[in-house]
């Protein structure tokens, strides 16, 4: 295992410390228990937004703390959801009295830990609503599984719900915007290589030189099936097809197209995938109104990408365009 | 070789096309010969800024085209500097009459091709000044080599010279700001793994599982020497030492600290390096006034990083802070 | 042999030893069908339990288990943290403040733990989760305790053996809960990491009484 | 055998064949001490030359070389593009519009090419660059052409052989120019890719006359 780290046990703490030093204008880092809050939290009268999950998906979530997006991020160990004793103080810290929305990716661990924290927060008099993100169409038969995973769509939920909170929507309003984004976004991912969890010291799966994993999540877990390597256009078609089918995207639809790198794939390749995805959407009669291309929700140094499509309406577009100022996403502010 | 590409021969064209589609609000892509210009080029009365070089370093340079930074980027084949027949029209396209500055990384190929283009542009009546970037302290004995390479410092030169052009400095003024940045920035890099040039289909060098390359550039070339893997703090110290020595950084100095990922290294690791670099600078009595952490000048999917330190003065700080709106760097606009 | 506070503390320390010893093995199991963290999570959690126990000895088995529950809840994270946290909490509640545990009470504590896991995780037997270790363990403990006169060590052994068999029996199953469920059919042919760590925990209970 | 426009066109086509055939080998050489692109660059450049030649046959050798110069300049990029571009341009200028090249004129055209490379790249012999192929080739061609009566094929062969020997002789050198110079001592023990491609070009000139 080759990594720029000192000790597998201190990866998260040191990385978050570095993040805090680099972005001291935007965030405050609390170390024990660890969470990251917006510098000016709690923002008076504003609904607070808290997200979190295992580390290793950077810039998610700490990179999205700031004006127009999250009020707090709660990092767990690598690929391990955080604990209630982190989530609770983060929730209390960003509650201005207007209540707090938890944005939770649908994994058993995340759900259970946030659930406990929400209960504890409610017991302390803070109203909490939870938006569960489960946009991953790779999970079929979701009735017989833990359900669809929260993947790329999470970034879009956090941005758009964050904008709703910033414009002054109330607790139910922010939660329902978040749910609307989740209902209208679907994602599918591919891995060209695995990743290595620092404490495991070993590649998360073994893939031959001419194989790729289709339908991967963001935890280095194997996907639904393994196929021979294809060219970028072929892979793009394969990822987009179930996304568009599940969303029933067709003529006249306006969408946000999000091509996300898993951490180890060069930007140039993401744009090749993006190019093909635009062609496919155009052929369907849909219009790509907004785009996001880059490493926004990753699985350490995994090579691969995910494609997310969000069906836009005027309000979602407006909220997407609203100012945001975080370490990893910034415009208009 | 596993890449999200269709054909090694079409990597650059398709990637730039995708880039153009994703950022149609910011840039115009000209395909044959290929170059990327700022949407509103030429900007009346403003000195034009053109940079370029081999592809594979994304987001450099196309990602820096836009308000407050470059007017045009000229991409060559992967790791191959572009040709005069691309650089010349790009230069002409962004000349508003105030002349054009070429920002050229110091590689024989880049220097020669830009030199020819500058001559041709002068012949067409356009005044051209060239800022040569050569910030790589890994190149020792530079008298007996092609000279120091242009690496991480390039991003800072482009940003700050771009801000000078945007505020209305004249041709010599913009060039001299660029040169001042170059004179005050030094960089050193490390590779944990090699990269694979698409048309070569093979890793650019072979590195054992417990070895790293110190003093690498951004073209997948081996570095000055190979050492056993160390921890992040040790590597950081090793990279910073010659950078600070060469710049003679000491007590009271104000600096911009730039920790750059080579493309395949997770952001979390870059922040671990950043954290240590801040400690070292603090111990020297220097203040980190500005920071940049991320994948800004890469070598495809190489794992590793570079550390750049720029000695700041009030004017450079002000120009760094000035609004910039490009695909890869954005604030204040 | 009596199951008292000293036994409980010894048990929890042996759990920590087992997790440290089997850390890599549990990571390996989780690597195959999950995200490679289960061994690390359990090791971190039980090290924290040991540290907590070092701060002062609990007076009853129930107090020891409650402290364990709170510590696992706040240190493990992931799915296992809340599930084991709930399990130990329910077991603690079931034991109340009795100073010594008789066989029947122990079987009921195990049942409470299992029910807590099911309440939180909604898994059914056969879903390839830790429930597949706990359920046979509960059945075996109850059977062994039946009549109330049974030897407490025999109950512990019965539970441990049943949990171990239950863990092994997850090998061919297709996961329907937890992270492994995303793999669908590809999850078959691998042991569930949580079932494996559950068996280690129940085996440690035997060791503490031996 | 006369070196006329037809020979020049054949030469350039053979260059393209040689670059395609040795593409991987040149990439390998550049991979060791550079950035793995030399074979790709040269192949791309000479394919473009062939395409250009297909659009209409040049009337003189000089015209063919000028067209080659302009094409390489605009298609190769990197260090090799401008260097070979200048080389072919200077050779074309040296040949003027003569329809046929005599041995002495050819030797001088090679010298002009070499001087062009040196003027652009500032490399000296021994710096481990293409200059180390061209310089012995110029010397050998001049020696072979000496007296003016020599067989033109003998001049071409002398240049090719000297270039090949020159390329081989770069193996032990430490690079002082171009990308390989960043490697310092680590550049020793590898052949310079540009010297290797130069030898291929001069060998193709023989093939075209044979």
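Each chain gets a letter, A, B, C and D, in the order it is written, and its residues are counted from 1.
The rule is simple: a contact is a pair of C-beta atoms (placed from the backbone, for glycine too) under 8 Å apart; a residue touches a chain by one contact, two chains touch by 3 or more.
Since we're looking at a predicted model, the values are computed, not measured.
Trainee: Just grab the chain with the largest centre-to-centre distance to chain A, centres being mean Cα coordinates.
Mentor: Most remote chain from chain A, centroid-wise, comes out as D.
Trainee: Compute the distance, rounded to whole Å, between the mean C-alpha positions of chain C and chain D.
Mentor: 75
Trainee: Please work out the Cα centroid separation of chain A and chain D, and write it as a whole number of Å.
Mentor: Going by mean C-alpha positions, chain A sits 54 Å from chain D.
Trainee: Averaging over Cα atoms per chain, report the distance between chain B and chain D in Å.
Mentor: Taking the mean C-alpha position of each chain, the two centres sit 32 Å apart.
Trainee: Residues of chain C that touch two or more other chains: which are they?
Mentor: Within chain C, no residue contacts more than one other chain.
Trainee: In chain A, what residues contact two or more other chains?
Mentor: Touching at least two other chains: none.
Trainee: Taking touching chains as linked, do they make an open path (line), a single closed cycle (ring), a hub with spokes (star), an all-linked set (complete), or other?
Mentor: Contact map by chain: line.
Trainee: Could you please write down every pair of chains that are in touch?
Mentor: Every pair of chains in contact is listed here: A-B, A-C, B-D.
Trainee: With touch defined as at the start, can you tell me which chain A residues reach chain C in the complex?
Mentor: 33, 54, 76-85, 107-109, 112-113, 115-116, 138-141, 144-146, 149, 197, 199-200, 202, 204-205, 217, 219-222, 224-225
Trainee: If we count contacts the way the header does, which residues on chain C are in touch with chain A in the complex?
Mentor: 27, 31, 33-37, 40-41, 44, 73-83, 120-121, 175-179, 181-184, 186
Trainee: Help me check something: in the complex, which residues belonging to chain B touch chain A?
Mentor: It comes out as residues 2-7, 11-12, 14-19, 21-23, 55-56, 58-59, 63, 192-193, 209-210, 212, 229, 231-233, 235, 263-275, 278, 288, 291, 293, 295, 298, 300-301, 303-305, 330-331.
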